[in-house]
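Shared between the two complexes below is chain A, which has chain B as its partner in the first and chain C in the second.
And then the complex of A and B:
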């Protein structure tokens, strides 16, 4: 197992490098660079002079050849030096670590909600196939799959503010410092993420469950005299959840992407909103660090899921 | 001798998109305590559906037992509620399925799959159930029983898995074991071992056995009585000796002639039954075997024959019994 993990980590290294290179290049190809935005911000007239922009480029080292810029950045990153934001002048490490808890919490809450709603719904749907419960749950799933998250989030915001005259608190609340405001701020966003994820989880669980319920070993379990509940929980569920769990690495990546939109809608100062602001202002160092982190998280998540997979299915071994 | 199982006029049907399939169409049979009964026939003749009907494991939809009665040890199984049936399944009636490769749960240990029925029906503690499970594995001839209990099905060969299935079926001291083509998926040498094991265990434990097969060799060696099924009906029944010595239905005769024999010269060709089994969703009137039967007369296409005695409890459903007897 240890060897397997080591091998997977080694395989992941080229993936991580390639993604940093792609993002680095894309940022340089985009029209308008960070120097332009800084110059625009400092010049009250709203028109930046070419000379001012050039001076800022010189200062930030953006005039050096691209390979040099890339290797300087990656070299620093490998030593844990991610530079600083060209706008706030705070270190990228600070920007990220101060916002990371909120995004992690949001994503985890969303994933928990997605499984807590989606998996039971999928099971019930499969057991009552083509009955009213199944039809309603499938309608619901399709509905939430079809509605874009930003729209659902806006509608929820609109609903609570119009009907209850309430909207989530604005500010920076950590779970361990101000749990009340933290939950009120993140709750609606997590709910929107959760129901979207639940729609996917319910559909996957249902189809996987239906397949498992048709297996011979389910008939064997019933022939032993086990009642429906024991058959489902002991015999069907674990088999049915194997594909759901293995796909959850992919859906979690989507969920992370969803936090970008939701943090913006609900003004949550997390990584997602940082990402969006940084892209808008071409804050190169911040964007590059954020992408690097996202890629590492997704790679690690896939590894974790594969390990869980082996634990769920004894036929799989990584020795 | 007491009757353990009495099936009367059982009818099990499946609703498909375009037809009503009468998989079991008026089947009656009895099984005495301690005896072995064979249900014989081609694939799709209703023998497995008959067995699953006794266990009430017909999946609905699309299948349904529409009429008849199944008296097991004096209880009408068809009148039981689902939770009452749960106390019969696995406890009073054990079942061995055809596919040992897929009939065991891949993510549970062999031990767990054996102990769950013991805990459920015999109210055993985890510890007692584990010991009993190891003992069961030894009884079915699996060495290293204790360490095998912690293993998973994929670590067992097909024959070993079928032994586990047999251990499971007998684990709660049932009165009846139903074996649905228990050896079809196994190698020939393993087939003999598994059958011998079943015979020996059922005899020693005094368990009645229904063995479903299309292998007439199995019938000759292991069964006391034989029911031959065709298109959802029993078309011939009798003791194994009677049916072998005097096959009285053209279908049974055809089945026996389809078996290659080592004691006949190789130049002698086999005499298989021609044609295909009929579509159970669209059965012709009259005898279902008529289209494939070389003895068929006009009457066979219009009137359905019923079981008639050919002597000594041996019965066949055919209008041409005399001609078949003459040709035998």
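And then the complex of A and C:
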């Protein structure tokens, strides 16, 4: 097991290296003149002077050969130095760390809700296959997979404001500083995320559960007279949840993407809204840092899931 | 031939009524988008300040927006944007992915390893973030949006095409083609491609719905197809919520249009997958 983990980690290193190289090439080299890009972003008039462009080129080291640029960039990123926002003039590291808690909290709350609703629904659905419960739960899944999340959020906002005359508070509230406002602000967004994620979780749990229920060992367990509940929980569920948990990285990535849009709808000052503002103001240093971080997070999530999967499922050989 | 197709369509409808319903939704939307000028009675772009935010009536079936533009016309014309982006991006992404996948499996070795690793990473990366990064670099515009959405659909197609190719490339008929001196290109296009086409079409049709969702989200964020072309996502953006407190239809109908079209694509795609890929039946 230890060796297996070690090998997975060693494989992940070139993957991370390769993906950072892709980010570097796509965001730095492809757009042509990044200096012009940033100069246009800083200058409100929309015209950049030659001197300003040259100064930025010098500052970012764009005159140096590409491999040198890459290693300087990645070296700085490893030390957490992502440069300075062209828009707010605060460091990118500050911008990100001040917003990170909100986005992580939102995604985690969404994931918990998704599993809390989706997994029981999937189990019941599989056990009562083609009965009313199953039909309703599948219809609900199909419907929620078809609705754009920002629309569900808008409808919820519209509903609460028309019926209860209430909208979530606006501002910057951390969980440990102002838990009340924090939950009121993030609650509705987490609910929308969770309900959407639950549709995916229910679908996965149902299909995985159906597969396991058809296995021989379930018949054996029933035949030797175990109670239905024991069969479901001890024999079926334990095996059925393995693929669901291993796919939770996919749902988590889906939730992270959802936060970009929901933070915009609810005006939550998290990483998603930072990304959007940066794209609008062409705040290049911030965009690069955010894309780099999300790529690394995705690769690491995959790594964690591979390891958890091997740990949960004894059928997987570590060789 | 036509008769046989009719029979096949009828059997599909009998076995998969929901899939047929999905096909019907998509078909009607395509017709509406094609014949938009005939089935609407107002210009979707022209403001009418005498009819601001009026409710549903015989003249304005779905009411009007804050500029007095007819919502029904805007939704019908908006279908054009959604459908063009969905079909073009899926077509482009799937074609690129499928070709790379077939070649990757056919060549094997390090090339295959490289593409498999790349696919693993890209599949894990949320499509909307990839699209946002792409738009950042290349700017907004219809074809940029198509590319931005299309690239995230290449990896799934690559994976499916690769798997299908691996399973057929060791068949005797491929060996026979080699033996009679067929070139690699000929083997790929005449012998492998027809055999891997079905799963590729399935993966493409299953993803059309996601393409619509990503397009609407990009439009909502202001990163989609630029104005003035009416797009469902953008109709929900900006100050719409302020207006919606007095005119809720401004939020309800464009979102419902997205949901219904995505539902149509998903139902049809799922049914197609069940029929063509028996291993996944009933999931």
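Simple rule for what comes next: the second predicted complex is superposed on the first by the 239 of 319 C-alpha atoms of A that agree within 3 Å, B and C clash if a C-alpha of one lies under 4 Å from a C-alpha of the other, contacts with A are read in each partner's own complex, and residues count from 1 in each chain.
Just so it is clear, contacts are C-beta pairs under 8 Å (C-beta built on N, C-alpha and C of every residue); 3 or more make two chains touch, one makes a residue touch a chain.
Keep in mind the model is a prediction, meaning the values are calculated, not measured.
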Fit or clash - chain C, chain B, common chain A: fit
Larger contact residue set on chain A - chain B or chain C: C
Partner chain in contact with A:127 - chain B first, chain C second, else both or neither: neither
Contacts of A:313 with chain B and chain C, given as first, second, both or neither: first
Which of chain B and chain C A:264 touches, first, second, both or neither: second
Which superposed partner A:142 touches (first chain B, second chain C, both, neither): second
First (chain B), second (chain C), both or neither touched by A:221: first
Which of chain B and chain C A:296 touches, first, second, both or neither: neither
Which superposed partner A:234 touches (first chain B, second chain C, both, neither): first
Partner chain(s) touched by A:183 [first = chain B, second = chain C, both, neither]: neither
Minimum distance between Cα atoms of chain B and chain C in the superposition (Å): 12
Footprint of chain C on chain A - complex, ascending: 15, 18-19, 26-27, 30-31, 142-143, 145-151, 154-155, 157-158, 161-162, 207, 210, 249-250, 253-254, 256-257, 260-261, 264, 275-276, 279-280, 287, 291, 294-295, 298-299, 301-302
Interface residues, chain A side, partner chain B - complex: 215-217, 219-227, 230, 234-235, 238-239, 242, 312-315
Touching residues on chain C, where the partner in the complex is chain A: 117, 120-121, 124-129, 132-133, 135-138, 209, 213, 216-217, 220-223, 233, 236, 240-241, 244-245, 248, 251-252, 254-255, 258-260, 262-263, 266-267, 282-283
Residues of chain B that touch chain A when the two form their complex: 55, 57, 82-83, 86-91, 94-95, 97, 99, 102-108, 116-117, 120-121, 152, 154, 165, 168
